[in-house]
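Next come the structures, one after another.
Two complexes follow with chain A in common, the first pairing it with chain B and the second with chain C.
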Partner chain A sequence: MLQLTGITKRFGRREVLHEINLSVGKGIIGLLGPNGAGKTTLLRLLATVYEPTSGSIRLNEITWSNQVEEARKRIGYLPQHVGLFPALTSYEYLDYIAILRGISSGKERRERIERVLREVNLENQTTTRIRRLSGGMKQRLGIAQAIIHDPELLLVDEPTAGLDPEERLRFRGLLRRLAEERIVILSTHITEDVSMTCDRVCMMKQGSLQYFPSLSDVVKLASGKVWTVSVPVEEYHRAGERQGLQIIHAAEMDGMFRLRLLSAEKPFPDALPTEPTLEEGYMTWLKAH
Partner chain B sequence: MRKEWKQFWAQPQYWTLFVAAELIFVLVTLRLLEGWQDIPGMIFFIMAFNLLFLLYGAEQARLETKYHTPELVSSLPYAARYYGSKLLFWVSHAALWYAIFLGSLLVFLKFQLHNELSIAIVKIVISYTFYNWFVPFLVSMILGYALFTLWPSLVTYAVLVAVWILLSPYNHYVQLLPSQLFPWLAVSDVNFSITQHIYVTEHMIVNDGARWQRGLVVITAVAVYMLVIPVIRKLKVMRVLIPLLIIGIVLIPLLAPNQQISDISRGTALESNPYQSNDYEIEAYKMEIRHPRHDHAFSYTAEVSISTKSNEISFALWGTIHIDSLSWNGKQIPYTRSGNWVSLSLPKGSPGEGTLHLETSSEAYSDVNPTSFELLPTLPWYPMHPDEALDPMGHAKKERYEIKLNAKGFGGLVTNLTKGPGGTLSGETYGPMLLKARYERKGSIVRLVQYSQRTADQKWQSISKIVDKLNKQMKADVKLPQQMYVVSSWSLFSANPDAIFVTPLQISLEEKIRQTLFRQL
Partner chain C sequence: MVKGTLSLWMYLAKSQTLFLGLPIAVCLISVALRNNGVFSSVDFLALIGFWTVVFPAAAINGPMGALHQKELFVSMPISPFSFGVIQPVVMFTCYGAVLSGTYLSCIKSANASDSSMRIAGALFVSAIALFALTCLMINLFKNAAIGMSLVLIYVIFGMFTTGTGQGPFYLFQWYRPRPMSSPDEYIIAQLLGTAALLAANYGVIKYRSKLQFMPY
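Coming up: the complex of A and B.
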């Protein structure tokens, strides 16, 4: 169980995280928020890169403030920009990270490296220099370094940015598998990543966090506020300027525009209510906060 | 550390730069050398290498920032090891290039220039290059990395160049900072221009001040490195270590000796005695001599056993040597000084035998240096009878000496006295000869290692020829003393019946021989 109690973080006078309280168990949890919401700061706090200004972090019996080295042994961290050594091969890199994770036995390191390379589907790239790997391969190598020591808590920051659709799907599958045995926190601003991989979600905006134990709780926020309607071109242009109305999706068909709209009120007389998605729930939450 | 080396070799843009620089060093700079004594003249080449290491350190930090390494590393349980192994990598990196420099230098000196490289000389070269090449290479790399980590920006390169100037002798020439700071900043031989020809006993010898300065600069660089790395800075041990390092950094310049040797004016010839009171004899000396190992300082206590027929006596003593106290048979007595002479009036009824007690000190004796001294028996650095001081050859007289010498490296002392335990010396001789520097002996010639055997042999031959010529001209039978010492003493040429002391500097040798050996003024 990961417990965050009263976490705040200040950089000088600026408070970037306000009083965060959270308690989560095994499984994958999404951390969703716009750029600048404080997701990366929160992940860095969890990864021990930063220290909180106040509050405490606890993973089972380990507290971050007193047992930072023990905490680090239990954390796997894939930063937004994976820290790689481009001149090393995949194997050498993982070997180096394993040493820095305290795995001193050469035999154990070799076994673990072979296992994680298989898990991330990079077993054929053992001797390839990192600088020659594709973006997706680098991300998977980043995951490999984060799980080589079987962490209890895996922190993944914006992992799908820059991946092609196939790589993205593969990556999501990998995260789901990994979440079967540990707590995985996936930070992202892409709602699709969350809807495809997570059961629970934390929404963040301007340093504040709200926990939703189920994705449907987020979806429900937009219930009764999502509409579909077909309008002519002029109406479509006017709709874009209307207060309280947000166009989620627009598609042209036979001179008419088929719109999906987010609005508290019925936006057009012939608009029909429709089932909201996670993204619409997220947009509603952002507007409300 | 192995992984750091792997990364280095996998980046040809860096190692080719180092290899090319080494090749330029070997092919171009070594050609300018004429002997091992010229090594300090390679300072500008070494400065260029320091800049290369400084930029390489910064480049490592730049790449780490580019590849976001610090964030990942700081989440690892043994992150400190990463930075520790980086430090070890730099030590080994600087050591590799230094070893190649040194190896090629020694091979070149031995096989191309055919220098006589004795073990003593090789030790001097290794010690000198270690402190003046290896240490600045290492420090430059650490500082380059630390400064770029602290401030990853293009402007940092300008800061690095400023640091480079600050730590190099160039800072001395532009005099941007107070001159007192310079010896503590310059990670290089700050004395080579004056040790090459003047204080030769110190040429390429690393003095205590230089060791402290290098220690200071390494400690400072490592402290800066540890402070700019958050993972290291936050270690519990740093709460104790950092204050200790800061205290050390402040205290070393305050308490440790300075590496710079002052260029003081050298002594003049001994003038005639204005007091004319030389009707006495010196029987024996008991002395305790102290060499504090800084600049031109030494001090001693002397008890001189004298038998006199007169109340007025005078003796020769260099004016640069300060008399702190003077007493006769335990009673303080007045004295007067004029130039290099001291005159004193003994209490009435004193004639007979007694003991003159002197306590002296000097901060400006040019034959005394931080690691070396040349106290010649022919010069009045000790209270000398006027006749012997003016003519140590013609009026030489043996006295008994018991000396306690407080100086580091007593074992290497070249002396005409018998060495005893605990730094004691005793014997009967024309005057105490205490030579503390690096000397080599071959037959009847003892020379400073900084001078070549060829130079010493040529000097001996020149002196022999002139003496033969003058013997024939004057129908005299002057015999050369058996021993010749090739020294760097400012006296240039002096002799007593046992030894000649000569420097290889261009002097009018014949004139000196006429004055000293043939007593022609």
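Coming up: the complex of A and C.
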């Protein structure tokens, strides 16, 4: 169980995280928010890169404030920029990380490396130099370094940015598998990553966090506020300027525009209410906070 | 443990070949210049070879000083003693010995004197102090470029001003001693300074989450 109690982080006078309280168990939890919301700062606090200004972090019996080295042994971290060594092979890089992680037995390191390379589908790239790996392979190697010591808590910061759709799908599958045995926190600003991977989500904006135990709780926020309608071109252009109306999607068809809209009020007389998505729930939450 | 550390150094050598090899290359050039009359090999060693020890210092602290690697490195359960003390001591002993050996090799073919060994000793101590200072600066600011630049500014300032304001930590004393002083005058002070720098380096690595002076 990961517990955050009253976490605040200040850089000088600027408070970037305000009074964050959270308690989560095994499984994957999304950390969703726009750029600058404080997601990366929160992950860095959890990864022991920063120390909180106030509050406490606890993972089962370990507290961050007085058992930081113990906490570090239990954390796997994939930062946004993992900084791999291009001259090393995948195997050598993982061996390097395993040594840094204090795995002293050569046999144990070899077994763990082979296992994690299999887990991330890179077993055929053992002797390939990192500079020759694709972006997706590098991300998977990044995950491999984060799980080589079997962490209880895995922190992943915007891992799908820059991946092609196929790699993204593969990566999401990998995260789901990893979450069967541990707590995984996936920070992202892409709602699709969360909807395809997570059961629970934390939404962040300007340093504040709200926990939703189910994705449907977020979706419900936009309930009765999502509409579809077909309008002519002129009406479409006017809709873009209307207050309180947000165009989620527009597709041209036979000179008419099929629109998906987010609005508290019925935006057009012939607009029909429709089922909202996670993204629309997220947009509604962002507007309200 | 020892095997693991050796593997770690092997990976370091593989990924940081240029920075680790630079002082050795410069020392070889210095030796090659032994019979050159225009530019003495000792001058070359002092004015170019000496300060290149900042590069291997940057190489071994690369994970803490590189923009895209430090975040992961800070979050790892690394040993401050191993990374803050043992690794720099092993490395600076090697590089100090290479520089001193090069100096002796250059001086013997030119104008050997009884004081050569003392100057070589002073060079060794200055080189290890410079190495330890670079390690500390890189780890303190968690930025290799800033750490190296500050150290180079310190060294070059000392070189042009004969160590004004630097007291016994004037690192070019071995090559250009202050008036009325011998080249090995500050050996003890610089050795003690090196030990203090290593202790500070240990502290900076141990409390790496607390000491944050630069944004990530």
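In the analysis below, the second predicted complex is superposed on the first by the 289 of 289 C-alpha atoms of A that agree within 3 Å, B and C clash if a C-alpha of one lies under 4 Å from a C-alpha of the other, contacts with A are read in each partner's own complex, and residues count from 1 in each chain.
The rule is short, and it goes like this: a contact is a pair of C-beta atoms (placed from the backbone, for glycine too) under 8 Å apart; a residue touches a chain by one contact, two chains touch by 3 or more.
Everything numeric in this text was worked out from a predicted model, so none of it was measured.
Partners chain B and chain C, once the complexes are superposed on chain A, run into each other and clash.
Applying the stated contact rule after C-alpha superposition, one finds that A:Val49 touches each of chain B and chain C. Once the two complexes are laid over each other on the shared chain, residue contacts for A:Ala87 go to chain B and to chain C alike.
Looking at the shared chain after the overlay, A:Pro79 reaches both chain B and chain C. In the superposition on chain A, A:Arg129 contacts chain B only, with no contact to chain C. Of the two partner chains, chain C is the only one that A:Gly106 touches; chain B does not reach it. Of the two partner chains, neither chain B nor chain C is touched by A:Glu158. When the two structures are aligned on the shared chain, A:Glu279 is found in touch with neither chain B nor chain C. Once the two complexes are laid over each other on the shared chain, residue contacts for A:Tyr96 go to chain B and to chain C alike.
Residue overlap on chain A between its contacts with chain B in one complex and with chain C in the other: 44, 47-49, 51, 69, 72-73, 75, 77, 79, 81-83, 85-88, 92, 95-97, 99-102, 145. Considering their complex, residues 44, 47-49, 51, 69-70, 72-73, 75, 77, 79-88, 92, 95-97, 99-102, 129, 145 of chain A touch chain B.
On the side of chain B, the complex with chain A involves touching residues 3, 6-7, 10-11, 67-79, 81-82, 234.
Within the complex, the chain C residues that touch chain A are 1, 3-5, 7-8, 11, 14-15, 17, 66-79, 209-210, 212, 216.
Against chain C, the residues of chain A that register as touching in their complex are 44, 47-51, 68-69, 72-73, 75, 77, 79, 81-83, 85-88, 92-93, 95-97, 99-102, 104, 106, 145.
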